[in-house]
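These notes open a run of structures that come right after.
In the two complexes below, subunit A is the common chain; its partner is subunit B in one and subunit C in the other.
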Partner chain A sequence: MSAERRGDALAAAGWRTRMRWPRAWRSPLGIVGSVIALAWVIVAFTASWWVPFEPNAQVLPRLQEPGIDTLLGTDGTGRDIFSRLMTGATVTIPLALMLVVAAMVIGTVVGAVAGYFGRWVDETLMRLTDLVMAFPTVILAMVIAASLGPSLFNAVIAAIVVSWPQYARVTRSLVLGLRGQNYVIAGRLLGHSPLRSLTVDILPNIIGPVLVLATLDIGAAILLLSGLSFLGLGAQPPTAEWGSMISSAIQNFDAWWLGVFPGLAILTVVAAFNFLGDALRDVLDPTAEVSKENQADRAASATGTPA
Partner chain B sequence: MNAPRRLAPIAIGAAALLALAGCSGGNSANTDDSSESGGSLVIDTAFSIETTDPGHTYDPTGNMVAKALYETLVDFEGSDVTTPVPGLASWEQNDDATEFTFTLEDGRTFSDGSEITADDVVFSLQRIQGMAEAKPNFLLAGLTVEKVDESTVSITSETPLLQLPAILANPALGIVNADVVQENGGSTDGSDSAQSFLDGESAGSGPFVLDTLDLTSQVVLTKNPEYSGDEEPAYDRVVIRNVTESATQLINLQGGDTMVAMDLNGDQVEGLADGFTVESVPSGQTIFLLLNQSADVAGDLANVDISEAIRYGLDYDALLELAGAGSTQATGVIPTGFEGALDEGVTQDLDRAKEALAASGYNGETLRLQFPNDYPVGGVEFTPLAERIQAQLAEIGLTVELAPAPFATELDAYVGGTEAFGLWFWGPDYADSANFLPFGPGLKVGLRAGWDASANPEIADLAAAAASATDVDARTEDFTAFAEAMQEQGPFVPLIVPGRNIATTDAVTGAVYNSVWDVDIAEIAPAG
Partner chain C sequence: MTDRIVLDARDLVVRYPGSPPVVAVDGVSLRIGAGETVALVGESGSGKSSVARAVAGIDRPAEGEVLFDSAPVSPLGIRRRARSLTAIQMVFQDPSTSLNPRRRVGDQVSDGIAAARARGLAASRPEEWFERVGLDTSWVSRFPHQFSGGQKQRVAIARALAARPHLLVADEPISALDASTQTSVAALMRDLVAELGAGMLFISHDLAVVRRIADRTLVMYGGRVMETGPTAEIWDSPRHPYTRSLLAAIPVPDGAGRIPVAPTADERASWTAIPPIEN
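Now for the complex of A and B:
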């Protein structure tokens, strides 16, 4: 194995990165995360075609234990848990992806404008950002969802409102560092408008870290949405949603299968997206990749003579 | 060969987790040694209480607390609510059932030691009559309360009122200490401001006095040292805790954290092992659907055809399946066991339902079903019930959207009559079928459904006739006619009379359900 890697290292570096997954993707957690996340995303977009029962059909006996007929049992009104769990993915995952994209776009625009223009624009936007960040996330989301009226759509809005500031913060700091770079100044001297400067010169350099942040945030978004639904501020009955399934499981506390499976669903999907985000960070961070390569090469050569 | 060794730590870990889970009942409340007299009693219930001022209370938990703090002129024994017995007073009535004379028992005192006199009785009742906005105000509408002498009070009614003794047993009509309440803002002319005082301490003659009141978490009562009646409490201190989830009540009961759980559902009591006593009886409460008849609220669907469509579109056996032990189908607005109740309830008739739906002018709109989602009635959770109603109504082509809200939020919309389609419950305030007349047009519950007297004068007349009867048999017939007419043309769809499961540990006895005040706390005593 080490000989093989050594051989690779001796081959042209550019060739290797084109033909192989980056090393970070090959880490066990990265693979596990990708596979689980991909599986859930596939479920999320196809479940409605293949679930065995209609998710709201009350056609089965009540409170059946997991078994052959009903894979994960039935709930207190005789609905199939497996069907509801899979249908829950079609509700939660697309909405979580959507809200992360929305929060990312809003946060990036705010942060980029603040960082690029500086002065009072920066002050105003960043104090606004601080204002939102100062509130505990879930509490603020609860306040917004409750005041808009409980519904899944309003829960998404609430989640967007509480999640954009971190993107604004990260983007601003990156833009602050980049706007003094010579190539950005040169672009400005060539007469590029601020918009063109931001999109052409700066955006390609900040998109990596922001994407990493977004991937890591998907897990948090799913947790937040499920949490709001658990509190009755998100999905309304009879919508099959993981958080509200757990919430209604409390009414039949002895039936363990009501709460355990939605809980496991949340656990796996959140963990998967976190692993994926970690792997993505390693991939998109050139310095991390290079230092790891160096480390690996040194270990492989086993000469024991570091530079 | 290595596998067993590797399994060992996992097995130990699993065992440790199980052990931790077993401990999670907690022991935060003081459960003392309940076999001795004195000590504390802990009761778990889902709160429905707004105040401990008897003049304003009108909710199940509020009545239970008021029953412990105050005494009424008339009382019931145990769960028997058909025969009123003397409480603070014994009474006589004239033949027309219009004039009642109450004679106070001698030697009864308030918690400050002062004697209960006719003045206190007159003040207490007139105070409620003066407060037009007070919830129990309607109980005394049209009555004249007069002092005859120091220990005699006469109550007269313009119309015959056979149910007056049963009404006066309502804990909301508890007798307060007139001197104390007047010092703290009490008055009979409507300017009464004693509620905040009575939320801080009690001024009654009941077996307990109020220690602390927290409307969201718990009510603490302590023994009344001056109590002079015949229901001497067995506990020095009673903690009534707000536990909205029946599952939590079950865990608290099993963990020894509480001694009485008031709201367990049928599934939960079936799973209780030895060491617990469960009493399942049909409660007097009715869970029903309400369809608003006011065009301002319900628009084009403000008619009784839509309620008929729903009444015949539902499968009641499937709904009962959710309600569990002790529950029965509601045969009408008067629950089984009360005078005039109908023998047979509605059975599903989809053709009739579809016809009525067509007649109602329903045009594919989505009806929004509003209901409280944190207040189980007799262990029946409203959310699964609403989900099943939604699924059943989809079969007759009626689209329903569920709009759950916390009890405290939703109550205003219900009481204010702004719900177009609601799922609610009605409990008797006094043990008499007259109690269910408020469902009539132009009356309390009828108005909540936007149903005024002009909407159906025939039913209004039936209700009036039943209310003013002087003969018991004629009254029963009137009630039956009223209940039948309500099932034919009313805006309500009675669904379920939930069973009431009161579960206690074997260490206590005497927790008997009473439809007026849930449980008389003073009757609960250590076992043995």
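Now for the complex of A and C:
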């Protein structure tokens, strides 16, 4: 057999692998989710430059219906809903992303340390995790936000405190599963320190599922932040924020456009990130990984390679 | 073979928790000299792998002691392994789980080289080790999933040998490979280990392979060593009934289509009653 032929077979396998990624993304919901999520992220980082009115400028007629002048109408103090909605994205989405990243980092570190070191470290960290998980998420977040004082920053802290435990749980179980793997033991036999063993041998192999969880969690984070703002524990007036916009819409119950559009904004962004997370899960499906591996092995044996 | 003893395990007992506790290894002693290949054979469940894990320091034996280069082997704990103990390396049974799927194979072999350098030995390059185990040197930048099972096992062997071990523990390294590659991988391991002047504990249930590569053979049954001696002697004139039965279990391709008869329960019970034989 020639090395070139084997190279060809592997190149073909590699080509199939590259083709698999878009295919998994090409599920209808995956595309819808990606497009909407991307659109919202772009809005979140650029809105301040192109919104037609200052989000807090009270320059328009009060409670104007959606129309030509004001795309989505105005609120009870004459502010443009469209501008406030877009500006709200610049507040909510970056904070939600930051919140999820922070919760993921904290939870992953706690879970990895607990799972890797075991014994009393595991017991201590996991009972702490259980303690936080025992409370209903929103109630605990309300308690923390209320005791820290109502502000958007404190709402983010409260949301981080209530959302890291799920990452700790998932990471711990994944680390427990990998700790006894032969390649981890082989690394230890070669003199890897615990830190190196964790960062080189274990974490790269569990980051996929954790990322999926994080993507699915972005939607929940946005809901939680908006919920806290709705309850008056997050963004304070006059900050344009979706939750507080819905909250103030209650005062003008007849003007349907006050509540519907922020609600739709929350709905679309939460749904989009959930679709995205589902697609990511399909892409990173471990069984798909296995079938890929078998495919590569078959391709190799088909060329008659002596192992 | 030299007179230097790299491994001296005395009266190993390995128990696994349960009620009653499972005694996987019951008083096994073995010595391996530098440059010597010792085979451990026996049916599954006879405690071969437990001996391997205890000898390599992965698990702590319940009783007995393991001396490596005349110093006790401390089991793998939370801490980084003592530098001198990185001279014990292991090759695992399942090649698909013995390499980190997210790292390039060259980097993984480099870990072995780093372990050797940490003990003050000369540096080498992963390509050299790829060449020694019969892999293309341009494959160092590949990932494990781009290799077949036999090739992965060669990478795992390269990683273990790159650490320049004094003792290589091979826990059924060839049983997951197909028949055509088993012998070549086993012979490769023996040659490279002899080249390094290291001792090897080679665990297998494949007696045909063991016969070709091992200097001495230990036959295990029910957690105890039933017979020890030079491989050729055990092969030619087995004295313990269990060894005889193990050798009789090898199918003979004589065209008659005979399958070796499985031993009866009475026979199995009688084996443990017969004291171990040392040739």
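Just so it is clear, the second predicted complex is superposed on the first by the 269 of 307 C-alpha atoms of A that agree within 3 Å, B and C clash if a C-alpha of one lies under 4 Å from a C-alpha of the other, contacts with A are read in each partner's own complex, and residues count from 1 in each chain.
Heads up, the rule we're going with is that contacts are C-beta pairs under 8 Å (C-beta built on N, C-alpha and C of every residue); 3 or more make two chains touch, one makes a residue touch a chain.
Being a predicted model, the structure only gives us computed values, none of them experimental.
In the superposition on chain A, contact of A:117 is made with subunit C only, not with subunit B.
Counting the residues of subunit A touched by each of subunit B and subunit C gives the higher count for C.
By the touch criterion stated above, A:200 is placed in contact with subunit C alone, subunit B being left untouched.
Of the two partner chains, subunit B is the only one touched by A:254; subunit C is not. Contact with neither subunit B nor subunit C is seen for A:38 once the two complexes are overlaid on the shared chain.
Look at A:186: by the touch rule set out above, it reaches subunit C but stays clear of subunit B. Of the two partner chains placed by superposition, A:267 touches none, neither subunit B nor subunit C. Residues 3, 10, 13-14, 117, 181-183, 185-194, 200-201, 204-205, 292-293, 296-297, 300-301, 305-307 of subunit A are the ones that touch subunit C when the two sit in their complex. By the touch criterion given at the top, residues 56-58, 62-63, 76-77, 150, 232, 236-238, 248, 250-254 of subunit A touch subunit B in their complex. Residues of subunit B that touch subunit A in their complex: 245-248, 250-251, 265, 267-268, 271, 318, 321-322, 373, 381, 383-384, 386-388, 390-391, 401-406.
Residues 56-58, 76, 78-81, 83, 85-86, 88-90, 92, 94, 97-103, 108, 111-112, 114-115, 118, 136, 145-151, 153-154, 156, 159-160, 163, 177-178, 180-181, 184 of subunit C are the ones that touch subunit A when the two sit in their complex.
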